[in-house]
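These are the structures, in structure tokens.
After this come two complexes, each holding subunit A, first together with subunit B and then together with subunit C.
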Partner chain A sequence: MSKKQAGFYIDAQRCIGCYSCAMACKNQYHQEPGVHWRYVYPLKEEIYPHRERAWMSLACNHCEHPTCLEVCPVEAYYKREKDGVVVHEQEKCIGCQNCIRSCPYGAPRFNPARHQAEKCSMCYQRLDAGLKPACVQGCPTYALQFIEDMASFDQSGKVQYLAGFPRFPELNPSVRFRPPREPREVRR
Partner chain B sequence: MVFTDFSLVVFSTLAQLAVGLTVMAALQPRAAGESGEVKLKVEWVTAGLILAAALMASMFHLGHPSGSPRALVHLSTSWLSREILAFGCFGGVLVLAFLTLWKNSGGSSLLIRLTAAVGLAALLVSGMVYAPPSFPALNNGVPVLFFLLTAFILGSAFGAYFVGAERQGLLVKVLATSLVVGLVVNLILPSIWLSGGTVARMTGANFYGSWLYWLRIAGEFVVPLAVLGAWKKIPAWLPILLLLGEAAGRIMFLNSVVHTATNLGGLY
Partner chain C sequence: MAPIDRKFIERALASPVTRRKFLQGLLVSGALASMPGGLLKAVTSEAGITYEGKYQVFRNACPRNCYDTCSIKTYVKDGVVQFIEGAPESTFTAGALCVKGFSYWRRAYSPDRIKYPMVQQGRGSGNWKRVSWDEAMTRIAKKILEIKKKDDSLLGLGLTKYSGNFGITNYGVEGMMSSLGYTTRFVGTPCWPAGIDAQNYDLGNMWCNDPEDFVHARYAILWGANPAWCSVHTMKFIYEAQERGAKLVVVDPVFSQTAAKADEYWRPNTGQDGALALGMCRHILDKGMYDKEFVTQHAVGFEEFAEYLRREVTVEWAAQKSGIPAQDIAKVAEEFATAKPATIWIGYGLQRHVNGGAMVRAIDALVAMTGNVGKVGGGARYGHLYTWGFNYHALIQKQPEGSKGYVGATGPMGEFDTGQGAKAAKYSDRAVNINQTARMILETNDPPVRMLWVSCKNPFSQDFDLTMLKKAFKKLEMVVVVDQFYNQTVEQADIVLPVTTLLEEWTQNVSYWHYWMSLNEQAIKPMFESKSNIEIAALLSAKMNQLSPGSCTFSPKLNSKKWMEMEFNKGIYDLFGIKSWQDLRKGPVKAKLASSAAWHDYKFKTPSGKYEFKSDLCKEHGHQALPEYLANRKPYAPYRLLTPHSKFNIHSQFQNLDWMAEFNPEPFVYINPKLAAKKGIADGSLVKLSSKVGEMQIKAKLTDNVAPDTLLMYEGWFNKNPYNVQNMVDDTSADMGKWKTGAPGVAIHDQFCDVNPA
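Take a look at the complex of A and B:
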């Protein structure tokens, strides 16, 4: 296991579903039309049965045991020792799409122009320069935050598997959520 | 239905047919004399050509086919790397067996059995590639079972082209048994999926709700079983019908099985 494991904290109580995180990622990496490394998913009514909506912003979870890395036949993935970020090296990728099929969170996407896979790199170049990931910086409500080390993150009131986010303990995704609260009724 | 993996349909179906032919060649008693030998050689060359076509088709699946030799580097954890190695070994022993057959030197029957064994092992490895955690319906032994069924159904059916009509007994038995197992598996499996989690249930519903699924049940299992029951032999058109049925099954396998990420934000 890496010495440190960076991750994302998604506060569903603060998220207003504005897609700024997904757009910040697009601005940073100029993904092809229709391709997004980060996306904002509404919780379906079966989980959050209110007129008000709740969202979760998801990208790659930089898992402790990444399936993408395991299945890639050309070793195009590696996990950084210093922060556990899972990096995809595009120059090695032969576009077999095995990672795309195999990641249960659907994080690697197919780039139809380059005929290769690609995914969130947690902006590791920005991290190395002491900056936060572009999505985190772009979030106007602090709903999306960067976790420097999962081990020292205060877990109280947080969950790893929010309803609507599938449970794969064998991967141990590096994300934590604060579940949405019931909408408050304001009476006049 | 979004259909993007035609190359994988061709690759997997043909590779499994090639394995099936070698397995049947290993099991099938041959007519004594030259005619039996010639038919075996023709069957063996056909299996080799089908495997070559399958491997060629697999290249069309890659975004960058020129990098395919590098796909062998991650044998430590990648089932895809292992699959490529396994089919490479299968092709290698198949060629070796052909050389001994061609020269009529001893040891060819041992090599034929070895080829069949390596081919079956390649199918097991291949099944693991298609059983990732992202497909709850397939994250188990189902892909291996499907691939073995394809090999036995197509191998015994196409094998009939290479033995005299009077020597089809064993092939008819293997084909009929494989079709019965295939029919039962294909009828029951969606029900098992329907009793699972949300994503597996979506897969089960996709299968039972698809006209292609029912067409395949009728065309690949019910009709051929009736034909075998009535005629006790494999007519020349039957292998083609079964190949179409297997291709239809593979299309569903690759396109109708639901990925966990499809339901993000919903119940699991």
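Take a look at the complex of A and C:
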């Protein structure tokens, strides 16, 4: 067990689906065309009854028990002791894609140019420099926030599995959500 | 795995643009030699990105036509931008940017950029030939001299420029034109003219509260505004107001992203916002809930307005016009009148109608009669030019000795014109309506517009009635376009000149919404052979004088940094509390405001010095003196067509970038499922739209975000995609705008069309 477990808080009531977070990530790491480590997913209309009006901004969830780490044959993954960040070491990666297949959240992505996997590292170098992850700093509405330690995070009004976010308790993903509300509507 | 879109992984795997292909493409285009090598490298997550002292940090400012005008910090290593972020010093930008902002340097380094001056053999042929700057300038200068000789004036030279780059040194383009002589100018603004006039009649100017004071609002109506897409940074202040207990009402014909964040959303009949506001006014009047002190002490004409309301307006009438039930109108009216302070944000959407100015006046009246004008957290918010007090040296240039021009009075030369129109000269420029570019080119004669200079603008994506515009361009003898990408206007050019991006030039920016000022430094050397608009003006001036001494007065010695320095003055320094522009190196600064509330001293700039419910000036200008109801445009086709802004672009900029295309690969028309069912249209299927000016084919997306009688397409320009909403939109004028901006607005949202399966 790591000392602390860092995580992401996604306030879907505040989130406007603006893609700033996803683009901030590309801006920081220059991902190959077609590759995104963070992506903004619209909630399906069965969940929020209007198309493309409620969102989930997702990257790697830095799970307490990461399956990516377990399935990697060359131990390219490690979990940081001090904050539980799950790091993928690209230099070790042989591109077998086991992690990509095993992660139910689609977090590791295949980089066709390098023939390797890659994923969100929670900007651990930024964390070590006392900064927020690029996506968190880049969110103009404060909908995406950095949780320093899941253990001391105020859980009231928050859920771990927002409708549409798959439930994998055995991984224990380090994310929390606030569900989106709907306005009262007066339509002609 | 339901919600995670595996498609994106698959797409990544199947991505046709592998790095190798990308490199090959660059080799073929000859761009590789000048592409900085480090740029092509993606950074791996554990590559050791560092933060301490490894970068040169530059200050930049987003110069696009956007409320937010963000302050940017640019991190450069070895002369190459590594990443950018929002400047944390600005409490408005607060470290974040919008999706477009974060893609910025992809624009500077795009392999698709126009790299060199190019000449096209046959407009639209794509048969481009690279020429030197010297040759391009020689061709242009010779044409200008030819026109002068033929017409004995330069009125045959037209300039159409708008808001593609609001960095203030870009007014050097207008300066260049004046330096040549008297020319033809496309004046006005497609953005906000009807509302500007409306607010000037009511208040004497357009001046809005600091958006950061939204947090103090106890009640807010966002009326025809969609900040969740068009002013992302303002959302946090609105959320804070909500968290402090304010109620948020959004009024919009579209269930916008902002509407989804409201406590209450109203979808009225499009163009009936005036009726709705007047209905609320009447109810507040009946209930005696208006601010008696304000209407007697600080306003004129309230009694006449009240009399009009009692005579012509009822809540039921408003309900019937707008489709919003009477009890809802009454309820929100009462809530708005009792919450103190209460505010309305009037978006630029609702004034883009034939009755747009009248509707803005009705909403102003609602805010005023409830005593919310001049209040912190209150106000009828529209925009301001309070912080735009630069010298505009680049803009104000002297015509060469002996220049001849238009004889007779001309009005203002656009909304950012600082009194240029007022000068008493024998000759002046010839002003024509920017919102009717095509019509003006076709109808202007003696002399005709022979040559068009386009800068900071993409008329083929942004001007109205494309069919007519294509016809109009045939009349032009030479078209010069200054741009960064081969867009649809460049396709119709004879000569294209590559212009710098914000990262490659010096300038400065203020906002028409918030009160921050930012410096824009040159962070990287201009890519390829691009030059700033100032340098282009200097180059043309040198060439003109070489071929015909004394024919251009623009100084060829000053560069964009020198011009920028010259734009500052004591007024600006005092307003912002700085001693020198160099202070802006440390970060953006905010204007020192006596209050965050506009009109806090109730000193209105109207003829009476008071808020004018009744404006004689408005009447003199051919409108109604009172903010009376004005009917909207009669439909000319079965369904209303709305073509507002998307979150992925600002007008025709940004969407063409490779990174943006990943998040928004193709355009759609949005159709209500009820209408789709009636027409046999399936989600994702191809449909044909037709209006009186043109037609187009496009894929449909079904959504109840739009009403069953409405079709919605977002404006924009996609690289190598013929999509263009201006195929469908005519150039009908709005009611107001002529007074302050030189030309009436345009009824962009009073458009209609039909739809059928393709």
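Note that in this section the second predicted complex is superposed on the first by the 182 of 188 C-alpha atoms of A that agree within 3 Å, B and C clash if a C-alpha of one lies under 4 Å from a C-alpha of the other, contacts with A are read in each partner's own complex, and residues count from 1 in each chain.
Definition applied: contacts are C-beta pairs under 8 Å (C-beta built on N, C-alpha and C of every residue); 3 or more make two chains touch, one makes a residue touch a chain.
Owing to the predicted nature of the structure, the values given are computational and were not obtained by experimental measurement.
Participant: Contact-wise, after the overlay, does A:F168 reach subunit B, subunit C, both or neither (first, second, both, neither)?
Facilitator: First partner only, subunit B.
Participant: Name the contact category of A:H50: first (subunit B only), second (subunit C only), both, or neither.
Facilitator: It touches subunit C, and subunit B stays clear.
Participant: After superposition on the shared chain, which partner residues are touched by A:Y105: those of subunit B (first), subunit C (second), both, or neither?
Facilitator: Once the two structures are laid over each other on A, A:Y105 reaches both partners.
Participant: Kindly classify A:L131 by the partners it touches after superposition: subunit B alone (first), subunit C alone (second), both, or neither?
Facilitator: Second partner only.
Participant: Go through the superposed model and pick first if A:H115 touches only subunit B, second if only subunit C, both, or neither.
Facilitator: Only subunit B; A:H115 stays clear of subunit C.
Participant: May I ask you to decide whether A:G95 touches subunit B, subunit C, both, or neither, giving the answer as first, second, both or neither?
Facilitator: Touch partner of A:G95: subunit B, not subunit C.
Participant: Residues of subunit A touched by subunit B versus by subunit C: which partner has the larger set?
Facilitator: C
Participant: For A:V71, select first, second, both or neither according to whether it touches subunit B, subunit C, the two together, or no partner.
Facilitator: Touch status of A:V71: first partner only.
Participant: Would you mind listing the overlap between the subunit B footprint and the subunit C footprint on subunit A?
Facilitator: 41, 43-44, 56, 58, 104-106, 114, 164-166
Participant: Within the complex, which stretch of subunit B touches subunit A?
Facilitator: 61-65, 67-68, 70-74, 77-81, 84, 129, 132-135, 199, 259-268
Participant: For subunit A, which residues count as touching subunit C in their complex?
Facilitator: Where subunit A meets subunit C, its residues are 13-14, 16-20, 22-24, 26-37, 39-41, 43-44, 50-54, 56, 58, 87-91, 100, 104-106, 109-114, 118-121, 123, 125-126, 129, 131, 134, 137-142, 164-166, 180, 182-188.
Participant: Considering only the defined contacts, which subunit A positions touch subunit B in the complex?
Facilitator: Interface residues on subunit A, with respect to subunit B: 41-44, 46-47, 56, 58, 67, 69-75, 92-98, 101-106, 114-116, 163-168, 170-171.
Participant: Touching subunit A in the complex: which residues of subunit C?
Facilitator: The touching residues are 1-6, 8-9, 11-13, 15, 17-20, 22, 39, 41-52, 83-86, 94-99, 101-103, 105, 228-229, 232-233, 235-236, 239, 250, 255, 257-269, 322-325, 328, 647-648, 658-659, 662-663, 701-705, 707.
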